[in-house]
Amino acid sequence: MKVRILVSLKNSVLDPQGQAVKNALLTLGYDSVKDVRQGKVFELELEGISHDDAERIIPEISDKVLANPIIEKFSWQILEKD
Amino acid sequence: MKVRILVSLKNSVLDPQGQAVKNALLTLGYDSVKDVRQGKVFELELEGISHDDAERIIPEISDKVLANPIIEKFSWQILEKD
Amino acid sequence: MIDRKIIEEHNLTLDEYEKIVELIGREPNITELGIFSLMWSEHCSYKSSIVHLRQLPVKGKNVIQGPGENAGIIDIGDGLAVVFKIESHNHPSFIEPYQGAATGVGGILRDIFTMGARPIVLQDSLRFGPLSTSKNKSIMEGVVSGISGYGNSIGIPTVGGDVYFNDCYSLNPLVNVFALGIVEKEKIFYAKAEGTGNPVLYVGAKTGRDGIHGATMASAEFGEDSEHKRPNVQVGDPFMEKLLLEACLEVMANELIVGIQDMGAAGLTCSTTEMAAKSGTSLDINLDLVPQREEGMTPYEMMLSESQERMLIVAKKDRVEEVKQIFSKWDLDAVVIGHVGEGGRLKVSFGGKTVVDLPVDAIVNLCPVYERESKVPSYLESAKQLEPLPLPEDYNQTFFKLLSSPTLAEKEWVRRQYDHMVRVNTVFHPGADAPVIRIKNTKKALALTLDGNSLYTYLDPKTGGKIAVAEACRNLACAGARPVGVTNCLNFGNPEKPEIMWQFKETIQGIAQACRIFDIPVTGGNVSFYNDTEGVSIYPTPVLGVVGLVEDISEVTGPGFKDEEEILILLGENKEELGASEYVKTIHQKQKGIPPQIDLKQEKRIQEFCLEIISSGLVESAHDVSEGGLACCLAESSFLSSKNIGLKVDLQDEMRSDALLFGETQSRIVITSKHQNHQKILNLAKDRQIKATAIGKTGGDRIIIDQNGQKLLDVPVDDALKAWREAIPDIFAIK
Amino acid sequence: MKFGVVIFPGSNCDYDTLYVLKDVLKQKTLFLWHKEHDLKNVDCVILPGGFSYGDYLRSGSIAAFSPLMQEVKEFALKGGLVLGICNGFQVLLELGLLPGAMLRNKNLKFLCQFVHLRVENEATPFTNKAKKSQVLRIPIAHYDGNFFSPPDKIHEIKKNNQVVFRYSDAKGQLSEDANVNGSLESIAGLRNKEGNVMGMMPHPERASEVLLGSEDGRIIFDSIIHWLGNRGG
């Protein structure tokens, strides 16, 4: 099973990396860019696990390991079932 | 318009970050994890731009600024239309 | 079948191919051809440079290992030796600045720790195009963060280096990285594959299809479209390398292995053949056992892969389990992939079949060697003619402009991205001519420097070569250190062009002469040819890395003024030499003229004198005069003093005022002394027949320079400091 | 009295910390290995700087899960002294022994330089040899040292007097310029509520010899030695 997890800074936390990208794009003349936020994406390949178990452990992994809940939020989706 | 762009290392390229995450997850006992790849996600807010123009500049931005096509690939989707 | 096209794609000539057939007595298969193409590439074989490199002096009483191993080794007493080397990573850094530079750091570090030495410092020598374009800015940003990313993570301080800017590097930046390690003299390791039956182990990262043909890529010119067609670039993994470093040093300390070699450029091919060739043995390896990151890799791909962070080890037969245990402690696999045999061959099997069976001597030692044609470049005649220049109208403004030119400006923007303090050895002297590293548990310290002004070399390669050595040693002398060994990285264009070959030959002659006069052995180095893009070659760029030894760390001297009312003494002589100067380049926008000339014997005597008065405790600060001339030298000593002490100088020379202030005449050092000591210094100088002149005093908050009582320069230190310090950060500031 | 310096894979200030404690300050000091469960009866655990596990996920995050850290956590909860330096501070945050999180430096660059620190709380086992508002000169070297905490939590941190150091100028004044990495309220060092655990981004072990530019870092080690000495005697 293939799973994608997106982790990004909470909206209340300043994202200087996103700002830097935004500035770079504006400098290059892409003035339609109003805002940029940068985050991380994890693509996990899971094996030998039921759909229900996956639904349980993915948020667990995300909350415990992949994201730091003080500053980050996450979302996930299953890309491919077995 | 809200756009999401995913950038990740090409499959043939070593991904030390993904490896480190995978090892951490295995150590914690999540043995269903067979592989992890880590990438970046950018969420752009575009304004005053037609759908067609967006379809043109998003891959351009991705190729030129957000990803280095030598080692990275990207994909994108429009999350919200204006 | 091997046809002409395949041969050409492997960057081999038809003659070379025929020689291969003759040497092995048959046609090679594709994997074997790949092996030859790597090992006979310019990068690995030195086929165009080796005849000229032989001019370099390599002997000396303290040399433990000269050229020919992964790195050179010099005895520094107390049972210790230093192991050092420089390496280029130019092409990869252009394609992928971050990873290119990062893997450059990783590669040179492996060269050091394969010899049993713990790396303790890094330096980097960087050349970029002008920062007026966003492309050049992003290359510089990427390269600096790549070096920082790798070096900081692995925990080896990047303590120094240099950065120059010139148009000729816009499409071909240079990234040269120097590393030095320290080892107990009795515990040095070599790339040996001895002992029939001893197992060959593969350790570190898995093999992927990384940078296949990287070594041949570094040996070919880039065309216009190469930015898109270029092959894979490797991604570095400093964490893996840190584990590898610790584990390798641990197996060495436990005397479990016979020999070890890193797999860098040319990977498995280079490490197996070189180890076998050095020991006159055979290696039998089975590719099925090689840890692989990707599926379906062919023997060709595995033999040519340049995946980073890998090592090949020949272990003692009965100690394999202990080796494996140590690697496993560091979470690394060590896999036996073959063994040592007799007969001088490399035998590789895959899927039960023999896919390579070649004589290693042919691969490693019998590559054809070329004495390529050379010719005086056509540009030279006119480039040496510097037309008469107008004198500046306002010296203060000219001075500010120079101080803020990126080549002269403060490089703290770079330096502070590097962890330069980890390992707690870096002696505190910010911005010093030569960073100083203490050696724990001894009174000694090392001083290091990298140097090379390519504009000089472009206009007069031989003089440029001499000056590169002389200036590096002068930097050491200012710190109070004596040079003990040299390594060098020679960055040039396409050697098949006779004009490039001429630059190369001349430069080496200059370097060789200087090393002889300074009596310092060259213990190794690196040649990077084919630094041309779209037919344009870089200026010939030798980068000299000189290692100096300070016998007593309490004598180390820095460039910053210590106090007010100190006497400023100029050692050496002012001459009217403006050609090739940063002043002419920045202010008059000309890269022309005859570079400053150098009398090496005179230079040596001045350096000896500087060392003598430093060790007699007569000197408060010392700084050499280089790019930007006397005015910039004096200003820097003010900027680098903790209280930004000003100065007032009156120069009594009859010459063009711009040449006096900004000319780059060689063999000059400005020192300061306490008032009560200065006469002693002047008298001593007289005895030694050194020209030494008291030119003024430190103090106040202005930089004031007169010529025969006539005011030339008069600016507040604060304003000058601002121009110097903020130039580079301003360029990179997010606006 | 005995110090333990933890080695994670990727630690790189482990030897520096050991060197200062053992060779400069003449303290009994040993290494603790991340895979073990044994704290070897040390009186103070130091988590050194570096890039534990490459810091590939978030700085300090993977180290927080290591076997030894579970023991360190227990040790800390029982009142044992724990000092986290740089990466060690990040590990303590990830482990939840200290409140908050680290963001990338505000200029998005690694920063290695001397900074000035104002001592905000001198009544801790780690600062008892310093005076309130004393200014220390100690280097930093990090990429992710931009301290962050949600508003409600920062209120609590201050109320409990948990801020130990703030980035300041040489005179002890706070300013945006002096706060080089952009930390919330210029916070450079924090303790837990109970006071036995402290994290700091600057490296005191790099400022313990005049030769290297400053001796101010010794105050931190000397304070610990003093505190442990009193407790023991």
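Which chain is which? They are A, B, C and D, in the order written, and residues in each are numbered from 1.
One rule holds in what follows: a residue touches a chain if its C-beta (ideal position, glycine included) is under 8 Å from a C-beta of that chain, and two chains touch if they have at least 3 such contacts.
Model, not experiment: these values are computed from the prediction.
Undergrad: Go through A-C and B-C and name the pair with more C-beta contacts between its chains.
TA: Higher contact count goes to B-C.
Undergrad: If you average the CA atoms of chain A and of chain C, how far apart do the two points sit, in angstrom?
TA: Comparing mean C-alpha positions, chain C is 41 Å from chain A.
Undergrad: How many angstrom lie between the CA centroids of chain C and chain D, rounded to a whole number?
TA: That pair's centroid distance is 36 Å.
Undergrad: Rounded to the nearest whole Å, what is the centre-to-centre distance of chain A and chain D, using the mean of the C-alpha atoms as each centre?
TA: Computed from C-alpha means, the inter-chain centre distance equals 30 Å.
Undergrad: In chain D, what residues contact two or more other chains?
TA: As it turns out, chain D has residues touching two or more other chains at 53-54, 56-57, 61, 65.
Undergrad: Using the touch definition from the top, which residues of chain B touch two or more other chains?
TA: Answer for chain B, listing residues that touch two or more other chains: 16, 19-21, 23-24, 28, 38.
Undergrad: Considering chain C alone, which of its residues make contact with at least two other chains?
TA: Residues 237, 239-240, 331.
Undergrad: Answer with line, ring, star, complete or other to describe the graph linking chains that touch.
TA: Its topology is that of a complete graph.
Undergrad: For chain C, which residues are in contact with chain B within the complex?
TA: Interface residues on the chain C side: 95-96, 99, 205, 208-210, 228, 230, 232-237, 239-240, 293-294, 307-308, 331.
Undergrad: What part of chain B is in contact with chain A in the complex they form?
TA: Per the touch definition, chain B meets chain A at residues 6, 8, 18, 21, 24-25, 28, 30, 32-49, 53-54, 57, 61, 64-66.
Undergrad: Given the complex with chain C, which residues does chain D contribute to the contact?
TA: 9-10, 12-13, 15-16, 19-20, 23, 49-51, 53-56, 109-113, 139, 141, 143, 203, 205-206, 208-209, 211-214
Undergrad: Which bits of chain A are touching chain D when the two form their complex?
TA: Its residues touching chain D are 9, 12-14, 16-17, 20, 65-66, 68, 70-71.
Undergrad: Help me check something: in the complex, which residues belonging to chain C touch chain D?
TA: Spelled out, the residues of chain C in touch with chain D are 145, 148-149, 152-155, 237-240, 242-243, 330-331, 415-424, 426-428, 438, 440, 553.
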